[in-house]
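Naming follows writing order (A, B and C), and every chain is counted from residue 1.
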Amino acid sequence: MLLAVGSLTVMGAALGTVLGVAARFFAVEGNPLEAEILSLLPGSQCGQCGFVGCGQAAAALARGDAKVTLCPPGGKAVAEKLAKKVGVRVDLSEAEDRGPMVAYINEDLCIGCLRCMQECSTDAIVGAPKQMHTVVSEVCHACAKCFKICPTEAVEMRPIAVTISSWHWQKPGALQAPPQVH
Amino acid sequence: MKILVDKSAPFTHAPTSVQKTMATVLLALVPATLFNATLFGWPAVFMFLITLGSCLGAEAICLSWSNKPVLPTLFDGSAALTGWLLAMSLPPWAPWWIGVLGAVFAIFLAKQVFGGLGQNPFNPAMVGRVALLISFPVQMTAFIAPRPLFSSTAPGFIESLGITFAGRVDFDSISAASALGYVKTELSRGIPVSQSVPHLPDLMDIALGMHPGSFGETSALLILAGGLFLLARRVISWHIPTAVIGTLFVMGALFNAINPDRFTGGVFQVISGATFLGAFFIATDYVTSPVSKRGQLVYGCGIGLMTWIIRSFAGYPEGMAFAVLLMNALTPLIDHHIRPRPFGRTRKGEPLPLARGEK
Amino acid sequence: MKLFPIRGGIHPDYRKELTSEKPIVALPLPRLLYLPVQQHMGAPANITVQPGDQVKKGQVLAKGQGAVSAPIHAPTSGRIAEIANITAPHPSGLPQNTIILEPDGKDEWGDLPEPLADPFAATPQQIKDRVAGAGIVGMGGAAFPSAVKLGLGGSHKLEILLLNGAECEPYLTCDDRVMREYADQVVDGARIMAHALGTPRIVIAIERNKPQSLELIKKAAAAFANIDVADVPVQYPMGAERHLTQAVTGRETPARKLTADIGVVVHNVATARAVHQAVRFGRPLISRIVTVSGNAVREPKNIEVPLGTKVAELIDFCGGLAETPRRIISGGPMMGQPLPDLDVPVVKGTSGILALTAGEVNERPVQPCIRCGSCVSICPCGLVPVEMAAVIRHENMDAAVAWGVMDCVSCGSCSYICPSHIPLAQYFNYAKGRLNEQDRERRKRDLVKRLVEERAARLEKAAKAKREAAAARAAAQAAQAATAEANRVNP
């Protein structure tokens, strides 16, 4: 009886110590997931997800309060990465993927008001006051802030056109069954 | 003019197809099958046809249940091959329901449940055989001595119908043990191998097939000829058969040298039982064997070793079917770990180092 | 000469007899020539002419831009009719910026650069500049600017110039005919290239199914002690750069390295001839030899074609189509590109135009994989196509990379051999395209992120400067007020 009580006490004390030490040694500062998720997001603080900036969106994702498909500029690619990171399965084959987009300024409608330039988070719009503006498509990531602010609706969001250098072969169709015989 | 661009190169193709491969394997089995059909008479012919027909029937039923096209898939030849190999592994005078049940096990449970051709982890014919062997040990070991067609000992056509379909046969009076079975039984009675083997037909007769055994496996030489034909047609490569037979021979010879009273010799191990059928036709089944050559060597050695262990130590006299199934289970593992060395890389997948003295 | 075995490979039906005995014939000048600004790997050329300009044969129409590029020259004299977007000779069927030249029929040469009197006295740089100026690109099909490859001597210690006359693709005989009809030019071009590269040795590798080429090249090279002619076995893909290097030298190029890293530079035989023309006569690359073959073509031929000729004119020159082809291919049947249309031009990398019948193509419905392992046995790169295709089917690109999809050279041997007719090579082409796309997206994301951060920092700095200025102003005002106060108090 005493032996049992004694040994259990010793075991409890020893294991408790181990756990205590482990907790100190392997302590985790904050939620590392949040920082990792933040690194996957575009970081342009465009707010299309409904959160104020990418940091809040990352926090919500880490808590599990947001869907991995929340980021429109990131598209399918970011959604896939997020799903892998937070460990959820998401069926993206059905998800509408508009593909990558860019902003395009309609020259006839632009009045050169500079508002879009001030709004653009990557400085992708070039132009001068009272002169037509242009989008540098290489650095436009389709946050659509300019689209929203343009007073003359001169900004359009267009899908990035496929070129010969970006074109690639499609995946072969699903296993083709031999022709049906009746 | 608009032309199809739905597919990338290559725009030429070897004259290969699944049907052609299966047909070649079936062709290689024909000589041994014809010989054994003659050797064991009408009951064996009925058993063979029933097994083959049941497999095709089972495949057709499964395909129509799963709304897949029936005829094209049925004629890819895979179900016929399964049925044929299953029949080869059954006792020649087995009753009709053994063939039908075997087909159900092989096609329903081992093949179609997993999604049909190419998806099954285990060799369907061997699943069928093993399931029967465990469920009906008496019927599955009721071997008879050869009674060649039209000889005085052979049953007539009508009598044979009775044997296959009505069970009108008294196995107790005619059954004979296979060579492996005889040695095992004698060993269990305390009679050493060195004394029991001389009572068997001599090795030449065993090689030719003039001894009791399963329908397809008794004629080792004709099976070997079929296997060599497959090798010549490059349907199979030498790796698996050589590994299986080699390992079996080495294990047999080695332990026979150590203790001739307990273990049979290497040549006996190779010639008797299902060694050739297993090594050339069963173990080489594409779907359930590894894809890389080195993997195939490992797989073949594994089968040889397991067969020898089961034959020597387990309760069953023959272990080929169990050995194949056990190694089937390891195939995904072998394929994952044994890969060819990529061009320009080490086996670990790192780029090759540049030779010294060069940049 | 001692040769080394290469792994795997296949032996397709070569069908070279359709054109191997047909001498090269020149195509009459077509009515219009279509010259895309990108006929090579790298940056597209920059157009230097206007519609309406009169140009002479050999005149530069578009200049190369950047380190990897090549200029475009006028294949004949005439007028620039238009600069327009024309369907490219590419499976996508996408348009490409194209100069349209209307020949005037005079075929007058413009001013060409002076021939280099003694190329072996010239510096490697001079030869390289000449080759770059002539717009020469690899003519085996890859169309990589040759001058860039000739500059490797500066950065690498090179031992062998390996001239690739393997021509392992079925049907194609253009290199075979070039070697048979212009053996001396090929050998001279090779010597000039070796001089530019600084390689002491030259090996000309030819597959054994071209005995006349072997004989004639051996004869042409007999006078030069540093040239060896290697008769390599007939085995597809012998003509792949790394595999040919291994077959001839026994050296295996490490993954992600160049053959130059192990001392070997590979050039095509037709490229050698083009170098000969550029260095000895100052002529730019304005035409090439094209094999037009396949059972759907009435009279298969080897044709010397001005660049920019439409494929339809080549087919007409060969008597037209005998039947509706199942596929039209630019290049060989193993690695060529299917063309959506006959209305596309011949470019610098077009080695063949094949019109193949359904019988030749032998397409069948895809059946389930039976794991026969044929693709594993024949893969010349030592990969496991069956597993790679399985993971790519499930869009698992990370696993595809782990199985080595980026080491695949798209030789197509696996698709060719597969008894279930599974388009394995297409899975790998798809995966490579998808992975490149992901890479581009990732780079863009990183760029965007950097720009966002820079902007945020700039705005922060501006705000801070503003705040400081305001504070300074306030302080100054306060000080002023204090002084005024002090003055008021203590006048």
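The rule we apply is simple: contacts are C-beta pairs under 8 Å (C-beta built on N, C-alpha and C of every residue); 3 or more make two chains touch, one makes a residue touch a chain.
Predicted, not measured: the structure shown is a model, and the values here were computed from it.
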- [ ] Would you mind checking which chain's C-alpha centre is most distant from the centre of chain C?
- [x] B
Open item on the list: Per-chain Cα mean versus the mean over all protein Cα atoms: which chain has them closest together?
Closed with: C
Task: Distance between chain centroids, defined by C-alpha means - chain B, chain C (Å) - done: 51
Task: Cα-centroid distance, chain A relative to chain B, in whole angstrom - done: 54
Task: Inter-centroid spacing, chain C versus chain A (mean Cα positions, whole Å) - done: 36
Task: For chain B, residues that touch 2 or more chains besides their own - done: 7-8
TODO: Could you list which residues of chain A touch at least two other chains?
DONE: 169, 172, 177-179
Task: Two or more partner chains touched - positions in chain C - done: 91, 367-368, 423, 426, 429
Open item on the list: Under the stated contact criterion, what part of chain A meets chain C in this complex?
Closed with: 42-45, 74, 77, 100, 121-124, 138-139, 141, 162-164, 166-172, 175-179
Open item on the list: Looking at the complex, which residues from chain C come into contact with chain A?
Closed with: 38, 88, 90-92, 94, 96, 365-368, 392-393, 422-423, 426-427, 429-430, 432-434, 436-438, 440-441, 444-445, 447-449, 451-455
Open item on the list: With touch defined as at the start, can you tell me which chain B residues reach chain C in the complex?
Closed with: 1-5, 7-18, 20-21, 76, 78, 116-119, 237, 286-293, 296, 335, 339-345, 349, 351-355, 358-359
Open item on the list: Please output the residues of chain C touching chain B within their complex, sorted ascending.
Closed with: 7, 10, 12-13, 91, 93, 156-157, 170, 242-243, 251-257, 261-263, 325-329, 331, 333-342, 354, 356, 360-364, 367-374, 376-377, 379-384, 386-387, 404, 407, 410, 412-413, 415-421, 423, 425-426, 429
